Amino acid sequence: MSALLQVKNVTKKYGGLTANNNISFDVSENEILSVIGPNGAGKSTLFKMISSFTPTTSGEVLYHGERISNLKPHIVARKGIVRTFQETTIFKSMTVRESVIVAQHLRAKASLAGYFWGTKTAKEDVAAFGIYADELLEFLGMSSISSELAHNLPQGNLRALGVAIGLATAPKVLLLDEPFAGMNHDETMQMVDLVRSVRDERGVTVLLVEHDMPAVMNISDRIVVLNFGEKIAEGSPSEIQNNEKVIEAYLGSVDDEIGM
Amino acid sequence: MQRRTLIKVALTAVTLTALQSTTALAENSVLKIGFVGVTSGPAAAWGISNQRSMEARAAWINETGGYKIGDTTYDIEIVSFDDQKDPKRAIAGMEKMAQEGIHYVVGPNVDDGAAAVRPVAEANGIMYFPYAFPKSLYQAPASNAVLGMVANYQSGPSIYKHLMENEGVKTVAFIAANESDPLSQRDGGVAAAKALGLEVVSDTVTYQVDTTDFTPVLTPVMRSRPDLLVLSGVSPANAPQLIRSARELGFEGIISTETAQDAGVLAEGAGDLANGFISVGGASTPELASPMMNEFVQRYTDMFGEYNDESNTKVYALEYILETLKAKPSAITDVEAFKATMDTFEAPNPYMKGDAKLRYVGMTSFGQRRQVAVPLVVNVYQDGAFETLFVAEVD
Amino acid sequence: MEQILANGIYLGSQYAMIALGLTLIFALMNVLNFAHGQMYVIGGFVTYTFYGQWGVPFVLALVMSCVTLAIIGALIEKFLFAPVIKGSAREESTMLLAAGIAFLLDALILLIFGEKQRGVPKIVDGVFNYDFRLIMPYDRILICVLAILSIVAFIGLMQYSKTGRALRALAQDRIAAQLMGVNVDRYSMIGFALGAMLAGLVGGLLVTITGVNLGMGGATSIKAFMMVMIGGAGVISGAIWGGIILGFMEAIGLAVLSQYGDITYLLIFVSLMIFLAIRPQGLMGKPWG
Amino acid sequence: MKNISSKQLVSVGLLLFAIFVAAPLIIGATGRWDFYFTLTSVALLAIASAGVWLTFYIGRINIGQGAFALIGAYVSAILVVKSGVSFWISLPAAGIFAAIVAIVIGLPILRLRGVYFAMITLVLTQVVTLTALALPITNGAKGISSIPLPSGVSLFGIPIIPDFAAMESTKLAFYYTACILMIATYAALYRLVNSRLGHLCRSMQQNEELASSIGVNISYIRMVIFAISSFFGGIGGAMFGSIAQSVYPSSFQVADSVNFMLNCFLGGLGYVFGPMLGTLVLYFGWDLLFELGKYQLLVYSIILIAVIRFLPNGLLSVRIGKGASK
């Protein structure tokens, strides 16, 4: 498989503090890759750099060989790399369906002025948005809550809403920010299934940053492990599970979580 | 919501009717005279002294049986509108006056308001008496505005000339607030001073209207060491502060302004430092005030608790309107008759000793008689009161 | 040069005090208090009434200003801001309330204290004059010292007293403060009263120099906003720096640019806009959404 | 796009009826001719307020609309007086110029949020006032006065010299012009808010980061919205200049900017027609309290405070009852 997304020697410094040091790895097409690491390992920073929400200090991120780091977030999104957020980042006073419709911005064919005047293309767009939204919500099993206001949703649904908003943009790569955080076992399992079906049925490459070891082991094709801003390991779940450095990094604090 | 609105509307209605019923008790016919000016906010002092002098005079007239114009005796009612120093509101105020059937309005107090109400006044046949100096308001083709006081381009030269001749003033500095009226007055003052052969050593320094501390503002002016410091169009609030700061910075020359000031305010704000400050006033200094002026001051004080020396000038507009109407009763509803009367009108000035006259002037400045002949009384402040420096006439 | 420095310190110290009260209220409740200037004016009028009219000693009159404003502030918080904040979908609604209160206070000031400029007798006579290079009347020096002392006292209060610690906790994180056992409602009221009191105190102090009139309110509020912006909203040290910087900008601008007349403030405003474009959170502030 | 429901159609019909039939009839019946100017003012201020409301819609508190109204007034006045352009051409020109200025100023300041944006726009009004005082083309402190009436007015057959019959129709002409402009503004606003651009604005108002993650060019949309907002401000200001036939640096002040903001708050930020209602209530309310004399401001402010105290989400929140749950 060829590399779809390449992270090349990416470094981020905040003043004297190095959050990420010289990190490189590739993400292949149609794979689920997880970035894990203990608290403060630099996962979030890396995630933000890949989605261009923060610039790199040095190094670059390539998509199809084209640089996507240090751009504006919306431009990266236009290229097909879309991130999700943790649950608090939603469109609070929109319904689920409205959120998903708004999120189809990139699929619009008409111009903004076209929508204002109500041209034919715009009308077709609007109709298409609705159909796609309903289809997507059904796919995600969210049809029953499609007219709920987002801020009234329980936490589990919020996560799914985040994924729905991300998927509504019809991304090539979906970047998920701690999709399992704060979930109980059942919810986690549902989410795992969801993420998998996103990849399997929609052909979306998934890169996720996560804390929850069992879920990551379960879902990932490959895993990249960070510690203190450095990449310490990369490989399949079973390789990672037996990697000395990883065990050392996680020793004590989160032993039980890894289940070793 | 509906209940609440209803209550609100009901309350307003009740208050309104209550107020109206109190004014409807009079037996005489009522002659309404309008006032559109600023009676709230930063410049409230200008309008309030105006409004109160009208109200005090009206109450006095009504108490003594009314005002006889032609065969009818009228009670005078003052209808005031607070324009908040906003030209848009001033238009609304003038519309309101038209609505009340008023043809004679005092105000507005500032240039922009006076210019903004012009279309309304002309369209509705309203004569108005602004306290604003732009000449275009009074020159043809404009014809409905009558300048209610002495303009700075008229008083300035007399003051400068007096000071040149009597005090040996040779250099002058101007300072003005960064606002339309004061800046225009400064420019007028500078031109007048230059015409008289004075050397203008500083005329660029301005201050924000909201300045509270004038030391930094005045420091560069003081460096030019003028003989005379002119505070162009200074508001009564700023005058004492400016005087105080100038004196504290060691300024020993003369300070003057061409607007009316209040002795009490100067005494409180600058104390002895204000001694020698020259300003333009009406006729209430002991040397000039007639018994009627003294009674007016007394009645004003009784009515509002405290007199304002700015009212010396502002009492005149109402008097002019009434006297002119008395001379030409048909003008009550016909401003053209009023205008025609203005050219020849003359009546004794009740507020001044001697044989001063009320008449319309302005031929020199405006080419038509669109200014009330207020005596140009130049005052000098001394220990809490004004003394008359000299009196001049405007033509 | 000495004169500019002295003017800058003098202006800066009084501005900093004005900004402190505003920023305190903002930090605690996210309320942009449009009525701050009016509170300052009331402080001036109260001191004027007690000291200037009734001959009460100046210090006592100052205390009366503080007490009056603290009471007004507490009442406004308890009966207006607190319920509106609770009932409103957006916290911006408090801006409308603050503006309404500014109108109300303006109306009350006009009715109670009148439209005239008011001043009080000088508290100290004489002018310090160093060879005409540095001229500063003694009363200004005294007020400047008093202002700096008040600022120090205020910082001390915020830093070391129980109330101050509670207020700081509240400013940092309302919910966390509540969990820590801080009585949020009570301390919001205390904080608002304290902010209003600061406005009253500076009003009382400055009436001896600048006098007071009802028009000062709105302009004072806007100046205070600018200082808070320069320093960073809701940060105490920011308010102090903002005040000092604005004071010096005025002192320098008025001295250097005097021959161009009208443009000092224009330049101050424009440079402020440029500054904020580069550093949106002000000098000391945290980025705030 | 939602179809317009019959209820909405009825409301719009009622509004049009009120403006074009009921108001003139009532004024005619009661003889309160001065209400024409009051209503004209309301219409024009509502146009400017609509702009402020629109910036709220992308989550920015705009206290600088007075600046753009002043710019609009000056552009129109300068074009009419100095270049002899017809007022009806200067009107859109004023709006467009205001929009261009908004884009230039917006580039740096639209990055600011919350109180910072609010306060910098507050300063903006003063900047424009001071600039108008300093520039030669605006005639500095002397302002521009004696601006000719809009040339189109001659169509109604109005001489400039006062004439009773004629003056009433000047009022009427301005009233209708202002109302038509207002209706056009709100129709455009309604359309905009319910079109894709409006949805994007809402998404930005609620979360700018999330909006940019779904590919919305937030800085571009901010700019577009701010430009449209200022366009409205410029139009409102230009019309006012034409009615007053004069423009001064103080024609629009900080107080006006604050009032525009208050109009929006009072009407309710969640409702397109909120600013229109807010303007009507605030401006008309002040006029109705005229009889109270020196207590006018006192009563006005008490009523204002009472409304906010009991309806913190704006007047329209009562009717719809939304937003009460949070």
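Labels for the chains are A, B, C and D, by order of writing; each one numbers its residues from 1.
Here, a contact is a pair of C-beta atoms (placed from the backbone, for glycine too) under 8 Å apart; a residue touches a chain by one contact, two chains touch by 3 or more.
No experiment lies behind these values; they were computed from the predicted model shown.
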Any chain in contact with chain C as well as chain D: B
Pair exhibiting more inter-chain C-beta contacts, B-D or A-D: B-D
Chain A and chain B: spacing of chain centres that average the CA atoms, whole Å: 72
Inter-centroid spacing, chain D versus chain B (mean Cα positions, whole Å): 33
Length of the line joining the C-alpha centres of chain A and chain C, rounded to whole Å: 47
Chain A and chain D: spacing of chain centres that average the CA atoms, whole Å: 43
Overlap residues in chain A, where contacts from two or more other chains coincide: none
Multi-partner residues of chain C (each touching 2 or more other chains): 106-107, 110, 218, 222, 262, 265
Multi-chain contact sites of chain D, meaning residues that touch two or more partners: 130, 133, 255, 294, 297, 326
Chains grouped in pairs wherever the two touch, ordered by label: A-D, B-C, B-D, C-D
Interfacial residue positions of chain B with respect to chain C in the complex: 39-45, 48-49, 178, 204-206, 208-210, 212-213, 215-217, 219-221, 236-241, 248-250, 262, 264-265, 268-271, 306, 308
Chain D-touching residues of chain A, taken from the complex the two chains share: 51, 53, 72-74, 77-78, 82-85, 89-94, 98, 101-103, 105-106, 108, 110, 112, 115-116, 118, 122-123, 125-126, 151, 165-166, 168-169
Sites on chain D touched by chain C in the complex: 56, 61, 105, 108-109, 111-116, 118-120, 122-124, 126-127, 130-131, 133-134, 254-255, 258, 261-262, 265-266, 269-270, 294-295, 297-298, 300-302, 304-305, 308-309, 312-314, 317, 323-324, 326
Touch list for chain D against partner chain B, complex: 31-34, 36-38, 41, 130, 133, 140-143, 145-146, 149, 162, 166-167, 170, 240, 243-246, 248-251, 253, 255-256, 287-294, 296-297, 299, 303, 310-311, 315, 318-319
Interface residues, chain B side, partner chain D - complex: 1, 4, 8, 12, 15-16, 19-20, 39-40, 80-82, 84-88, 91-92, 95-96, 98-99, 110-112, 115-116, 118-120, 122-125, 134, 136, 178-184, 187
